[in-house]
Amino acid sequence: MHGFRVGESVHRYRGGVSVVELRGAVALLGRFPALSGIDLSVDAGETVLIQGPNGAGKTTLLQLCAGLLRPADGAAVVLGHDLNVERRAVRRRVGLLGHATGLYGDLTVAENIAFWARAAGLTGSEAKSRAATAAGLMGIDDRLLSRSVNVLSAGQRRRTSIAALAVRRPELWLLDEPHAGLDQAGRDAVDSLIRDAAAAGATVLVSSHELERVRSLSPRIVTVAAGMVVGDTSAGEHGAAGKDTTGGGIDA
Amino acid sequence: MREMFSDARLVATKDLRIEARSRVLVNQVAPFALLVLVLFGFALDADQRTLRTFAPGLFWVTVLLAALLAVARSASVEHSDDAHSGLRLSGMSPSSIFLGKAAAVFVQLMVLEVLLTLGIVVLYGSEIDDPVLMSLTAVAAAVAVATMGTLYAALASGLGARETLLPILLLPVLAPVLIGATRAFDDALGAAAVDGWAWLGLLAVFGLVATVLGALAHGAMIED
Amino acid sequence: MADRNTSTSSSGSRLLGVTTLVGLVGLLLFAFVLTEPDVRLHPTTGEEFGQFDAVRLLYLHVPMAVLTYVAFLTCAVASATYLVKRGPWWDVTAHASAEVGTVFCGLVLVTGSIWGRPVWNTWWEWGDVRLMTTLVLFLLFTGYLALRRTAADPQRQARRAAIVALVAVLDIPLINRSVEWWENRTLHQQSTLAELKIEDLTLFTLMLGFVVFGMVFAWLMLHRFRVGWLEQALARYEVETAIAERHAEIETLDLDAAVGETGGGT
């Protein structure tokens, strides 16, 4: 099932297995084209930084890749599954960190992490050990674990939802401004989490407004504007040094 | 199949734990239901014979009104901080999520019905002639209300004006449940001479159809 | 499909509309002037009884009641097909038939109530199976239309509406059964229609009613469907325009100001 069925036009100059293949993909929010024909190709194991002004479509791009939206037009294949037909197969293999925390306010931090671990199909003991690892990684101590999410600060909630995501160890990480609202230690924890995931072979898409601090994570920076890719900067290792590939939609 | 039930149990346990912590049912829904019983007493002029005659109907109207609050709360737990998206991404089947949420609502409705039974015995002077028929009716009707309620609350959330949309969608669908449960209670409480067991059969059919339909429809809905 | 058509009418539908109007006039003539009132003589006492002039309403009421069920059944079939196939055609058909069906259903309740006043001596009869079933059906589809008017994502709304329509139609037999058992008193039409002296003219008028209201139904469906179809075309056009606008946005966008410098070192 791997690979894509989009046709000849897809360039695979990076040589790896393609995890995200978008060709002229359009995603609608109501009748608004939040993605107006986006082209993006991401190989397995790659880390891609996504930047762009507010309203550019960064969040929608990540939601589309997560299989939460049905593409209204264009071709979209993620993890070998066509998003027009097999979104559920995609959803269970990706991890999406959105703007909302996705936590249950009346449950404790530990209960939240445990619930999402078991919801991902992990069994008792493995769920526990993975939860402990993820919590440790995000600097969540025992005192915090037993606290109700309702009384947490915004930063602590963010840490909790990142930990709940890390427990699942997804193949494709979709992080929507993961640094927002975090203190210095939290930001560092997110950075090392992304590095660990990449080192383990996972593919990571990170949107961020703070290019300065995330630049060290990856040489590939994709710029999104008006629902399209308008800039794609890759470093030398891909043989496309400094190449600014402008999105295909611009001349349309 | 086994995975489906273990996932459903996971979701149901989660919802019941949330209720145990937040106590919305105990602190808000149950007092509301008792208040409705009292208001019926005022409206019907405190004549105990009248109240006893109409106790079955008043009981089930009260259950439906309280159920509206319970299922709306059940849906808002998922939508207030977008845990809903997390559930969609979790890999659990939509049917098991539905069954889990409906099961949690069912448990809460059963608690509510026990409380309301006490309410009509104390306030309206109802006497229980047939406790077996009464309990089975309470269970069958709670299944029907919990499943249809969970489906329609999930359906209305995510659309505009969900608080006002839910009652107009849900209550007409539950009309047969109201009629059936009232008639069965008429028999069980000796309020009218009818065959309550036939009505129980109708309720059981409704509950079964609603459970299967809800589990299927929830899948179609969560895909959008 | 009439893609370039920006009106809901065509020469065919105009012809149908004119024929329907003529038919309606004819039906009213037969129902209210040419047919006899229902007057029967009691075999022993010789007293006059029957529905008298009220029977004339049945020539409108019965065809509309049948078409109400046809409309809601159409809605259910279209909704089920939409859930499986997702074609906009089915969605528009479901919406159109639900709306037309609700109008007919309301008229059935009103004409039935007016008929019931002289014949049953009451505007409303609780416990009558068809009356109650029709009322609950009317309320169910009022909810359906309310859902249709929410400001939600069109596709999501369409799928949820389809589920509501299916549940509503599946609920009909249960409602019917429960009301039937509820109060074992059914004063309704089984008897009244069967009791009527069905003469040639009466039968003809009733059949004419079915034909004429069938045409009214078809005409309404046609136009309502075309309105829905044009709405969909408009939505597609709006999306295309919005996409073109977004593409044009790029030209005027000062990216450097919006995101800081792109690429390059510090």
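Order as written gives the chain letters A, B and C; numbering starts at 1 within each chain.
In the analysis below, contacts are C-beta pairs under 8 Å (C-beta built on N, C-alpha and C of every residue); 3 or more make two chains touch, one makes a residue touch a chain.
Treat the numbers as computed from the prediction; the structure is a model and nothing was measured.
*Asks:* If you average all the Cα positions, which chain's own average lands nearest?
*Replies:* Central chain is B.
*Asks:* Measuring between mean CA coordinates, which chain is farthest from subunit A?
*Replies:* So the chain farthest away from subunit A turns out to be C.
*Asks:* How many angstrom lie between the centres of subunit B and subunit C, each centre taken as the mean Cα position?
*Replies:* 31
*Asks:* Cα centroid separation between subunit A and subunit C, in whole Å?
*Replies:* Inter-chain centre distance comes to 47 Å.
*Asks:* Roughly how far is subunit A from subunit B, going centre to centre by Cα mean, in whole Å?
*Replies:* 39
*Asks:* What are the residue numbers in subunit C that touch two or more other chains?
*Replies:* Counting only residues that touch two or more other chains, subunit C contributes 152-153, 155.
*Asks:* Where in subunit B do residues touch two or more other chains at once?
*Replies:* Touching at least two other chains: 223-224.
*Asks:* Touching at least two other chains at once: which residues of subunit A meet that condition?
*Replies:* Where subunit A meets two or more other chains at a single residue, that happens at 70.
*Asks:* Going by the contact rule at the top, pick out the subunit B residues touching subunit C in the complex.
*Replies:* Subunit B reaches subunit C through residues 148, 151, 155-156, 158-161, 165, 168-169, 171-173, 175-176, 179-180, 183, 198-199, 202, 205-206, 209, 213, 217, 220-221, 223-224.
*Asks:* In the complex, go through subunit A and note every residue touching subunit B.
*Replies:* So the residues of subunit A in touch with subunit B come to 66-68, 70, 87-88, 91-92, 94-96, 98, 100-107, 111, 115-116, 118-121, 148, 164.
*Asks:* Which subunit B residues qualify as touching subunit A in the complex?
*Replies:* Residues in contact with subunit A: 3, 7, 10-11, 14, 17-18, 21-22, 77, 80-83, 85-92, 223-224.
*Asks:* Flag every residue of subunit C that touches subunit A in the complex, lowest number first.
*Replies:* 152-155, 235, 238-239, 242-243, 246-247, 249-250, 253, 255, 258-260, 262-263, 266
*Asks:* Any idea which subunit A residues touch subunit C in the complex?
*Replies:* Counting only subunit A, the residues touching subunit C are 26, 28-33, 36-37, 51-54, 70, 72, 209, 211-212, 221, 223, 225-228, 230-231, 233, 242, 244, 249-250, 252.
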